[in-house]
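You will see chain A twice below: alongside chain B first, and alongside chain C after that.
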Partner chain A sequence: MAMTATHTHAPAAFPSALIVIAAEVLGAALLWGLLEANSTPVVLALLGVMGAGFALMQIRPQIEDIIVGAFRAARGVALWVGILIVLTYPILLGANTYAMHLVIVALLYSVLALALNFQLGSANIPNFATGATYGIGAYTSALLAIHFGLSMWATLPAAALVATAFGFLLGIPSMRTRDSYLALVTIAFGIVIHQMLNNLSWTGGPNGLVGIPAPSLFGHSFMQPIQFAGIRLPPQANFYYLALALLGLAILSAKRLHESRIGLAWNAIRADELAARSQGINVAWYKILAFAVDAFLAAFAGTIYAFYVSYISPDNFTFLVSVTIMTMVIVGGMDNTFGVIVGAFLLTLLPEKLRIFSDYRLLFVSVVVILFLILRPKGLFPQRQRHYGAHK
Partner chain B sequence: MTQPLLSLRGLGIRFGGLVAVDDVDFDLPPSHITCIIGPNGAGKSTLFNLITGIYKPGSGRVLLDGQDITGLPPHQIAAKGVARTFQSSRLFEDLSILDNVMIGMHSRTKTSVLSALLTPRRARRELDACAEEASAILRSLSEELYMRRYEPAGILPQADRRRLEIARALALHPRLILLDEPSSGMDDRDTADLMNDIRRVMRENPGLSFLIIEHDMRLVAELPDDVIVIDYGKKIAQGQFADVRLLPRVQQAYLGQKAVEHA
Partner chain C sequence: MDSLLVQHLLNWMVLGSIYTLVAIGFSLLFGLLNVIHFSHGDVSMVAPFVALASLQAFLGLVGSSAPAALLLALAVAILATGLVGIGADRLVIRRFRNSPAMMALVATVALGTAVRELVRAIYPQGSNPKAFPAIVQGNVAGLPAQPVLIIVTSVAVVALMYVLMQRTAIGTRIRAVAEDRDTARLMGIFPERIFAFTFFLASAVGALGALFFASHAGVVRFDFGVQLGLIGFSAAVIGGLGSMNGAILGALAIAGIESIVQANMAEGASYRLVFVFLLVILMLCVRPSGLLGKPVMEKV
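Presenting the complex of A and B:
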C-alpha cells in the first residue's frame, strides 16, 4: 500500500497517555490559577511560568515534538480526559461567579476567534469586521426575542442566517480589493454597522436593548442554579455549558473544513493567490465562503452573549472588539484550532487580571502583537502539516 | 486532419501603448510538443497568461478542442484541463509537498462547505483518495519527493521545485500543460531528467500536449516536435528547430541586424 506508516514513534520514556494527561491537567491548573489569582504579582508569576515553558520549547523543539506526538498517539485519551476536565470545571470554580463569568466570555471569544481563523488563519483575509457580524447576530436574536417572543433556540438559526447574509454582502465588494485595501473595506463595514446600531431607533440607539428574556431548556430556566447529584452550581453554569457546546460545534466545524478540500483551497489562497487560481480554485468564491462561515459562527456567539448578559448596546461590538479577536488569532497560532483557543483565553483573562494596566489596554495589545511577531511569528501553536490515511 | 487541441486566432493584447502580443495564430495538435522561443521581453509569458485567462485578450480568440475559452476566468480554464507552471516557480511554500500536489486536484473533487460539515466521512475519504493518487504521482516523478512528501515545499532546491510544479500540473489530469522556462536554474543532468520526465508523461497520457517556453537551446533542439519564434509580440517563424534557426529573421531577433550581416 502507498500509505504505510512512516512515522513510527520510538519507545518514549513515558507512555503517551501519561504525557497527555499531565499536559491537560497542567493546562487546567494554570487556567485555574489565573482565574483565582487576585494580586498582580501572582498573575505575573503564572505568566512567567508559561513564558518559561514556551521559551523552553523554542530552545528545544524536541520537547514540543514529543508532546505533539503523544497527543497524536493517544488521541482517544486526550479527547476523553479533555471532555471530563471541561465538564467538571464549574465544580472547581465553585461559587466564584466572577471567574465563571470570565470563562464564559473567554469561551465566546474562542468561538469568535475560530470564526475569524477561517479567514485570517486559513486564507489570510484580514477581516476587521468580526465584531460587527457578532453584533448583527446579537441584535437579531435580541430583537426577535423581545418583539416576537421567540425563544433563544429559535433565534439561533435566524441570527445565523441574517449574519451570513451580511457576510456575503461584505464579501462581495471585498473581492474587488486585496491586502490592506481589503482590511480598510472591512474596517469601514464594522464602523458602519456600529454607527447604525448607535443611531437607528429600533435598535435602541446608544441605550441598546434591555430585558432580553432568559432562555430555558426542557422546563429548566437558565436563571436557576444547576443541582445534580448533590452538587449545586450557580446559574451562570447554564451558560458555561451552552458556550462550551457552541465552542464544541466551532471546533468540529473547523476540523471538518480543515480536513476537506475547502481547507486545502483556503490554504492555497493564503500561500499564493495566482497559483491557486491556476489550479482551478475559484478564489473569489472561496473568499466569500470564508466571510459567510465567519459570520455564521460569530452570530451564534452573539446570540448566546445577548441572552447571557440580557442587555446589549453598540459598545459591545466596536472596532476594538474586532482588533482583539484578530490579536487572539495571531497570538494563538494561525490556522491551529487549539492555539486560537489559547490565544482567546489569554487575551480575555490578562486585561481583566492586569487591571493596573487598564489605561493602556490598546498599548498592551500592540506590544503583545509586536512581541509575538518578533519572537514567535507563527503564534504560540503554529499550524501543523496535514497527514492522511492510516497514520493521521 | 485531426482537430487541433489548442488554436489561437489573431490573439493580441496591449498594455497602454505597448503591444505585448500581436495577432498570433497558432495550432497545437494533440500529443505534440511545441517550444516557444524568442528574446527576453518578446511576449512569451504574456502569451501564456492570455491562454490561461490571467489576462483577458484585447483581440482574437483562444479555442480548446474547438471550444471558445476566450476571456474565461483562470479557474475555469484550469478545470477544462489546461495546467501550467510559472517562470519563477510558484509553490504553496508553507504547505507540504503532498498538499501541493493535492491542490492540483481541486477541480476534479466535489466536497462543498455543507457536505464537508455534514458528511465528514465522505469528505475525508475524498481527500484520502487524493492523497493516495498524489503520492503515486510524486513517486512516478521522483522517489525522493515521495519520501519527503510531508515536508514543506518551501525548503526544496530548484530542480525539485520544478519537478513538484509538474507533479501539481499532472494532478489536474490536464490535456495541455504549459511550462514556462522549466529548465531555468537546472544543470545539464537535471535538464536531461526533465526531458525524460516529459517524454515519459507523454507516453503515459495519450493526447496530452506540451507548450514550453524555453531558453536552453539543447532542450529546444532535442525535445519538441516543432518550435515557434516570437519577437516583439509577433510570431515570426514556425517549424523544425534545425530549419528555423537558419532563418535570417530569427537570427536578427536574437543577435541584432549588424551581427547577422557580419556572420
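Presenting the complex of A and C:
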C-alpha cells in the first residue's frame, strides 16, 4: 500500500474528520439496516458485509490504524457527530417499536457489559455474577416501587446501594481465590441469588413481580409519547433516552476510571498480580472495588429494565445471562469501551434477527461466537496500547 | 439400621457416584491442559440421547425387549460420547491451546450451547423431556438393585481409572504430558494423541455419569447437562482441580449436603441448589485452592 500511516496520524489525503464522519454514519446505517431488515437474506448480507470489514482489518492492520488514528486526531468531531447521531436515532426508527425495543435492550446490555469489563477486561477477574447483581438491582427497585410506592428516581440510588453491598460481599472471597476458583465463587453466587429469587415468596417466586409503575419526569409520564418540534416519538423513546443517559454515564466512568490510578492498578493486576503486589498495590482492595463498581452499574441497568418492561422474573437473571454478558465483552474486545458496546449490540440483535431460524438460532449464535473467537482472537476491537497521559 | 436412613445413605452414594464420574473429567482435562472444559456436562448429556436412539433401533431389529439391548445401547452411547469429546477438542478446544484461559472458557461455554442445541434439533421432539428406563429392576440383598448397580459400577470405574493412570503405559504418558508437554515430546510421546485419548476417556466416563443420572431420575432433557456440568465442575474445584482424589471428595461433599437438605427440609427440593452452592462458596473461602489442591507458589 502506498499509504504508510503512522499510528497517530492519518495521511493528509484523507482529513481525519471525514474518515470519522464516514465511519460513524456507516456504523449507524449498518445498525439501522440490521434493525429494519425483515428478510433472512438481507440480515445475512449485512452480517457478511460486517464480516468482510473485519476480515479486511485482520488482513490489513494499517486500515485499522488509520481509522483509529483519525478518531484520535479528530476527537471533538467524533464526539459531537456521535452525540448527534444517537440523539436523532429514534426519529430514524420512527414508529418501528420493535426495533426501538431491541435498541433499548442492547443499550442496557452495553451498560452491563461495560460493568463487567471493569473486572474481566481491566483486571482479568472472571466474574459470572453480573446477571445476579443486575437482578438484585431490578428486584430491589421493583419491590420498593410496588410496596412503598417509591418513584424510579428514588429507587435508583437504593438499588445501587443494595447491589454494591452485595458486590462487596462477593468481592470478599475474591481476596483469596483466583482464576478458575474465583470463577466458581462467582458462578455459585449467581446461582444462589437466582435460586433464592425463584423460591422466596416475597420475590414472587418463579412468577416474578408484575405491575411495576411507569416512571415520570417533571410531570411527563414515560407512558406518554414524546412530542417535540412537530416530531412525535413513541413512548419507548423515553426509555431510549434514559438508557442512553445511563450508557453515557457508564462510558464516562469507564473513561475516568481507565485514566485514573484505579484503572492503572487494575491493569497492573491483570498484567501480573504478584508484581503488582510487590509494587505496593493493595490487590485485595482493588479487586473488591472492581466487584463493587460492576454491581453499582449493573443495578442501574436492572432498575431501568424493571421499570421499562414493568415485569421481571428470575428467568431474566440466570447464569446464562451472565455468560451472555461475558461473551459480549470477549467478542467485542476486552478493555475496549467501544468494542464492548459493539459486542453487546451484536449479541442482542443477532438472536432476535435470526428468529427465522427459530429452533436453530441459539445453535447459530453459538457457532458464530466460536468462529469470532477463532478468527479474531483478541475480539472485534482489541484493546489499544495504553497512552496514559500521552495526548496532553 | 432403619430403612429411611439406609435410603438416604443410598441416595447420597448414588448422587456422589454420578457427580464423581462427571467431576473426574473436569479434573483430568484441567490437570492435562489447564483448560476448563465447560461443555463437559453438555457433551456427557449426549449419551442418554444416543442410548435412547440406539435402544429403539435395536428393539426395532430384534423385536423383543431383551436386557441385552439396553446394555448394548448404553455401550454404544458411551463410545459415541467419547468420540463427541474428541470431536469437541478437534473442532474447537484445540484452537485455544495457546490462548488466555478466559478465551478457552468462553469458547467452551459456546460449544456447550451448540452441543445442547444440536441434541435438541436432531432428536425428534428434542425440546420435550424423555422417559429413560431403569437399568435393572428389583432388589439385591434387600436393597433396590438400581442404586447398588450405580454405586458398584462407579467404584469399579474409578478404581480402573486409578490403575490406568498409575500402572499403565498410557497413564504414565498422560502424566508426563501433564507435567511438561515439551519434554514429553522429546521422549517420543505425541501430545496431541494423548489429548485425544484423554478427551475420549473424560467424555466416556462423563457419559456413564450422565446415563446413571438419567436412569436414576427416570427422565432426561436436552438441557440437563448445564446443571450436571456445573455441579461436576464445582465438585472438581472444591476438591482441588487436577486431583482425582479431590474430585471424589468434592463430589461426595456436594452429594452429602444435597441429601441432607432433601431429607431434612420441607422445601428441600427447591432449596437444594442454594445450599450446594453456598457450601461451594464457603469451602472456597476456607480453602481457596480446594481441599486437595496444591497451593500455587509463584516465582517472579
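Here is the rule we use: the second predicted complex is superposed on the first by the 365 of 392 C-alpha atoms of A that agree within 3 Å, B and C clash if a C-alpha of one lies under 4 Å from a C-alpha of the other, contacts with A are read in each partner's own complex, and residues count from 1 in each chain.
The working rule: a contact is a pair of C-beta atoms (placed from the backbone, for glycine too) under 8 Å apart; a residue touches a chain by one contact, two chains touch by 3 or more.
Quick caveat: nothing in here was measured; it's all calculated off a predicted structure.
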Touched partner set for A:177, first chain B, second chain C, both or neither: second
Touching partner for A:299 - first (chain B), second (chain C), both, neither: neither
Partner chain(s) touched by A:283 [first = chain B, second = chain C, both, neither]: first
Per-residue contact with chain A, leading partner among chain C and chain B: C
First, second, both or neither for A:260, with chain B first and chain C second: first
First (chain B), second (chain C), both or neither touched by A:120: second
Chain B versus chain C as contact partner of A:274, first or second or both or neither: both
Overlap of chain C and chain B interfaces on chain A (superposed complexes): 274-275, 278
Chain A partner contacts - residues on chain B that touch it in the complex: 52, 54, 73-75, 78-79, 83-84, 86, 90-96, 98-99, 102-107, 109, 111-113, 116-117, 120, 123-124, 126-128, 130-132, 135-136, 139, 150-152, 168, 172
Touching residues (chain side chain A, partner chain C) in the complex: 120, 124, 126, 172-173, 176-181, 183-185, 187-189, 191-192, 195-196, 198-199, 274-275, 278, 319-320, 323, 326-327, 330, 334, 359-360, 362-363, 365-367, 369-370, 373-374, 377
List of chain A residues in touch with chain B within their complex: 2-3, 253, 256-257, 259-262, 264-265, 267-268, 270-272, 274-283, 289, 293, 383, 385-389
For the chain C and chain A complex, residues of the former touching the latter: 30, 36, 92, 95-96, 99, 101-103, 105-107, 109-111, 113-114, 117-118, 120-121, 127, 226, 230, 233-234, 237-238, 241, 267, 270-271, 273-274, 277-278, 280-281, 284-285, 288-290, 296, 298, 300
